[in-house]
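Here chain A shows up in two complexes: once beside chain B, once beside chain C.
Let's turn to the complex of A and B:
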């Protein structure tokens, strides 16, 4: 049977990383990691998995390839079991294979939790493999570059300190033609909420900032954006295994909100960022929940609609389907609010199947798309099951309130010729809402 | 052979039950201590109402997505686990042993029913054996340890059925049955069979995370 060894992809970061390793060095780091950061969860998962194979059908990679080496349990088998069996003393080439599996063949989407009777969290196990690879200095070049950017600039895209407020003011100026009174309020202490976005928005999707500002302006809410680092809510360090940088980034984000004394943080339409802020970094920083309340755009738009603050000129007429992003559905249970918002905006909603908590992943999240071009084709071909799911709806508009999902879905739409286009909720609301003079 | 049989149902039985019970308590307590020491940031989220709600779905056949998507495994797994517990606990032959040695007695199943349940366990083991050999995603992750635990359970029930039906030398078969059963008991706390001890907790933990933090179902 084929294994990861039969499909290795050359990556400069991985290749140079393993070049510096010896079996002894790997063993030392592995043992330190297990002793220092792993506990009863890892021990239980390693010991009790009965290798029944039921999780196979959970994974879009397996469902697309029908190759047994892509099942969740096979990914653990080719990484963590191997490491534990050898007490960490493995050849550097094994670490290359572990890294390719962990970074590029698992989106940490947690769909397999719906399949394992024992509740084994494969996403957690794969995260620990990534943590080991990070500690060994074996990370794919592209995702490592984003982690470096986080470290140096506190944002993911090397946006410089002056470029950020410049971009916001540029968008404010642009929008004044359409909305003469519109402001993007910077550093307003005591505003109702701080709006945070991921760094790709100022870098190459500035229209999303424009749209968000237009919606907040039309809704008449009290909001602000920080002019300082701490504005970026994305966190690729979380996915590269660099927990220390992850924590620094989130600390800056929370503290920026605290400095502005806002009541809460509203986050743009991104899934992984929400996972970092809502579920992961708070724990690393010692908070059971977050020091500042955190709300995802889906929920915030839902509130605005409930309060009657968004009025539509008309509804979107073409049929649409809804993609449920893992990090806000399995990660935050927003499936009902997402549907209520989409039904408010659109005449005709065609559900895909399976959906809600059981939805297939976009195959871009979990840092996989951030591993860059070397691994692009694998993740696209590895999600033909999603393409079939989309095609079966027969619609041409796909609503996906998550940046990574957009990236992954657009790739499979193009590859499989699906004749669809993806939309954020913000795109639809901006298009359909009554715009103030 | 008589001496071996006496050893098996006497001192070895004591030993096997002692290792099983004390070993299980030790494993559970040490795992709890490890969780409190090393996983405090996760133990903090344990929520019994969410854990119980999820477990009720998972102990119901076809009550979870994984069960529905794997119907064959589901039917066999439920039959296997139910028969695995019911047959030995309510078998007249076992109750008689406890009655003889300790004076403990409880209602028994009719012999024919207990026999059928035991045959179901053997058949289920044969099904698991077939899956390990011929279903690619199962074969890919099967190791010698998995064969060992399957053999322990399969041999215990197979020898029990053969002894009941008086196939082969009865004393030999009965002795072998007792020894296999004891080996299985001893293995529970220290092998993959420990999912019997930890499975409810690992499911309960992830159910708590999904229920109380992520507001999503985990079944």
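Let's turn to the complex of A and C:
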């Protein structure tokens, strides 16, 4: 059987990190991590996995490569079990291999949990491997750069304090011709909801902010956006393993909503950000749930449709298919609401197979796409199963309410020549909704 | 309010009277504590701040985040000029601007402004240089000599003479620096520091061995035993220190001098010390609903759909805040509500002797300004 050692990829961040390690240092950090942060959960998983291999067919990497070393159980075997077997005292090169597996060959999509007869959360185990790698300073260069950006600016794209309100004002101004009277309300205390987005939107997808503003304007809702840091809901530090920065970013996000006294937070169409806000970072901060209720755009659009606030001029005629983002479907159960929204908007919906919580990951999430160019080709080839799944639908329009999914799916579409294009729900609603004459 | 004119152009309207000057854009209108009206304005592509219909002479690429001294006599704003960042104080920019400046603070006395500043250039994805340290804190445009991987949350002492900030010396080594000098203590994480207004000591929540405690002047003052600890605040005489604390996962309260109150809620916010005495108030909620008011460890009876920041009377005898229930807002003093409700209430204010409360509210499209004795709050 091949192993990770047979496919190592050079990365400046990983290489630089392992150059400063010794087996003794690795052991010390490993033991501290296991004793201080893992508790019974890791021990239970380590001792209950029977190596049955039922998880194999759950993993898109394995289904694409048909190489057993890509199965979830093999990924754990090559990382955490290896570390436990050696009591943490391993050669630095092993940490390089662990990092490559953890950051670039597992999307933390948690599909494998559904197929494990014992319910083992391999995503959790791999997250702990990432946490160890972070503590050892062995993280891929590009995702580490993103974590640095979070720490320095409270957003993932180094957007500076002036660029954010300037961008919102620009989008408001742009929209005025099409929607007279449209406002992007900044810092409105007591609004029904704060709309937060991920930093790539002001950086290079400003049309999504425009479209969201148009939809909220047409729906007549009470909303606001903060003019200050705390507006970015993304969190790549969660995926790099830097829990402290993850928490700092999330605290800024929640405290901004608390300062504005909004009833809840509505998040743009991003999956990983939802996971950070809804499930992970809030708990690290000590909150059992979320201190301000959080709603993903899928659910919010569903509400607007239920309330009759979105009026269409027509339905989207071309057949569409639906991609189920891991973090809001397996992570939140929005599969039915997503379908209700898409069916409201589109005349002809062709389900891909498998779908809903059984759908394959886009292979971009979990921070994998953020590991950057060195791993791009492997990431795309590692999801040929998704390409086959998409091709089998025979449609040309792919609806995916998640930024990372768009990135991953567009790469797959391009690589495999699928003649498809991706759309957010916001793209469709904006395109189809009634607009002023 | 900002008024739109034909053109398109914008100006400010105050009590129905428009300013003479018009602008291409105008946003962020704010009254200074001394009653002057400020607004961020753009004309011919450049931004500046206008105060009572007079724009600052200096113009910038962008201006934002207007701040005031406690008395309102000095006005500061963040500026960006030619891709460099800093402050403008009463229209005069810092002599040195930086590649980036964020987390701005302005001292109460108005004598100093500070921000976290980037003092070294950084190429895209250059993680090595970042981890060597590129950030510091600049006070009145002059950066500390010391450079860190990160600096966060700079704060002034009441006189505006000393600055403390959270720092990260490596990805794993958090601490606090005061006037550029770092504590020797190294922690797994740390939150924003605060000055003791009486002694000048600096307190900061720090994480050690998996739990949060309070460090004061580089020594542990509260042993690490909390699941979370933040937003610490001293009483004005410096005799008491309180902080929002997580005593068990999902259970928050206020701890005073390290001892938690006997009540806990899923969320606690807005810890507010009284300006006299050593009383503390905070808001509690069940994930943004069912708000309650905590005062000196006791829970007021009322429950609200939303609650706004509490305000103490100058003598610390009374506590007031705006609350919302079933879509209507009112003011509550010492747990008792004003008998009238409104569409919107703004922060209440006490008279200097604490006997009267100013209610500012909107109802039916009209502004209401009501001066009510504290005895009028009976609901």
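Going forward, the second predicted complex is superposed on the first by the 435 of 437 C-alpha atoms of A that agree within 3 Å, B and C clash if a C-alpha of one lies under 4 Å from a C-alpha of the other, contacts with A are read in each partner's own complex, and residues count from 1 in each chain.
We adopt the following convention: a contact is a pair of C-beta atoms (placed from the backbone, for glycine too) under 8 Å apart; a residue touches a chain by one contact, two chains touch by 3 or more.
Every value quoted in this text rests on a predicted model; they were computed, and no experiment measured them.
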| item | value |
| --- | --- |
| Combined model on chain A where chain B meets chain C, clash or fit | fit |
| Which of chain B and chain C A:308 touches, first, second, both or neither | neither |
| Partner chain(s) touched by A:227 [first = chain B, second = chain C, both, neither] | second |
| Which of chain B and chain C A:134 touches, first, second, both or neither | second |
| Which superposed partner A:394 touches (first chain B, second chain C, both, neither) | neither |
| A:180 touches, of chain B and chain C: first, second, both or neither? | neither |
| Chain B versus chain C as contact partner of A:43, first or second or both or neither | first |
| First, second, both or neither for A:288, with chain B first and chain C second | both |
| From chain A, separation angle of chain B and chain C (C-alpha centres, steps of 10 degrees) | 120 |
| Which superposed partner A:142 touches (first chain B, second chain C, both, neither) | second |
| Superposed arrangement (fit on chain A Cα atoms) - minimum chain B/chain C Cα distance in Å | 6 |
| Shared chain A surface residues [contacts with chain B and with chain C] | 283, 286, 288 |
| Of chain A, residues touching chain B in the complex | 1, 38-41, 43-45, 47-58, 62, 68-69, 71, 73-74, 77, 113-121, 279, 283-284, 286, 288, 329-333, 335, 354, 357-358 |
| Contacting residues of chain C [partner chain A, same complex] | 25, 27-28, 61-62, 64-65, 78, 80, 85, 100-103, 118, 124-128, 130-131, 135, 149-150, 152, 168, 171-172, 174, 188-189, 207, 209-210, 227-228, 230, 246, 249-250, 252, 266-267, 269, 285, 287-288, 306, 308, 324, 344 |
| Parts of chain A lying in touch with chain C, wherever the complex brings them together | 12-13, 16, 36-37, 134-135, 137, 141-142, 144-145, 148, 151-153, 160-162, 165-166, 169, 186, 190, 227-229, 242, 244, 247-248, 251, 258, 261, 263-264, 283, 285-293, 372 |
| In the complex with chain A, residue positions of chain B that touch it | 31-32, 34-35, 37-39, 41-42, 44-45, 54, 58, 64-67, 69-70, 73, 77, 131, 135-143, 146, 192, 194-195, 198-199, 201-207, 210, 213-219 |
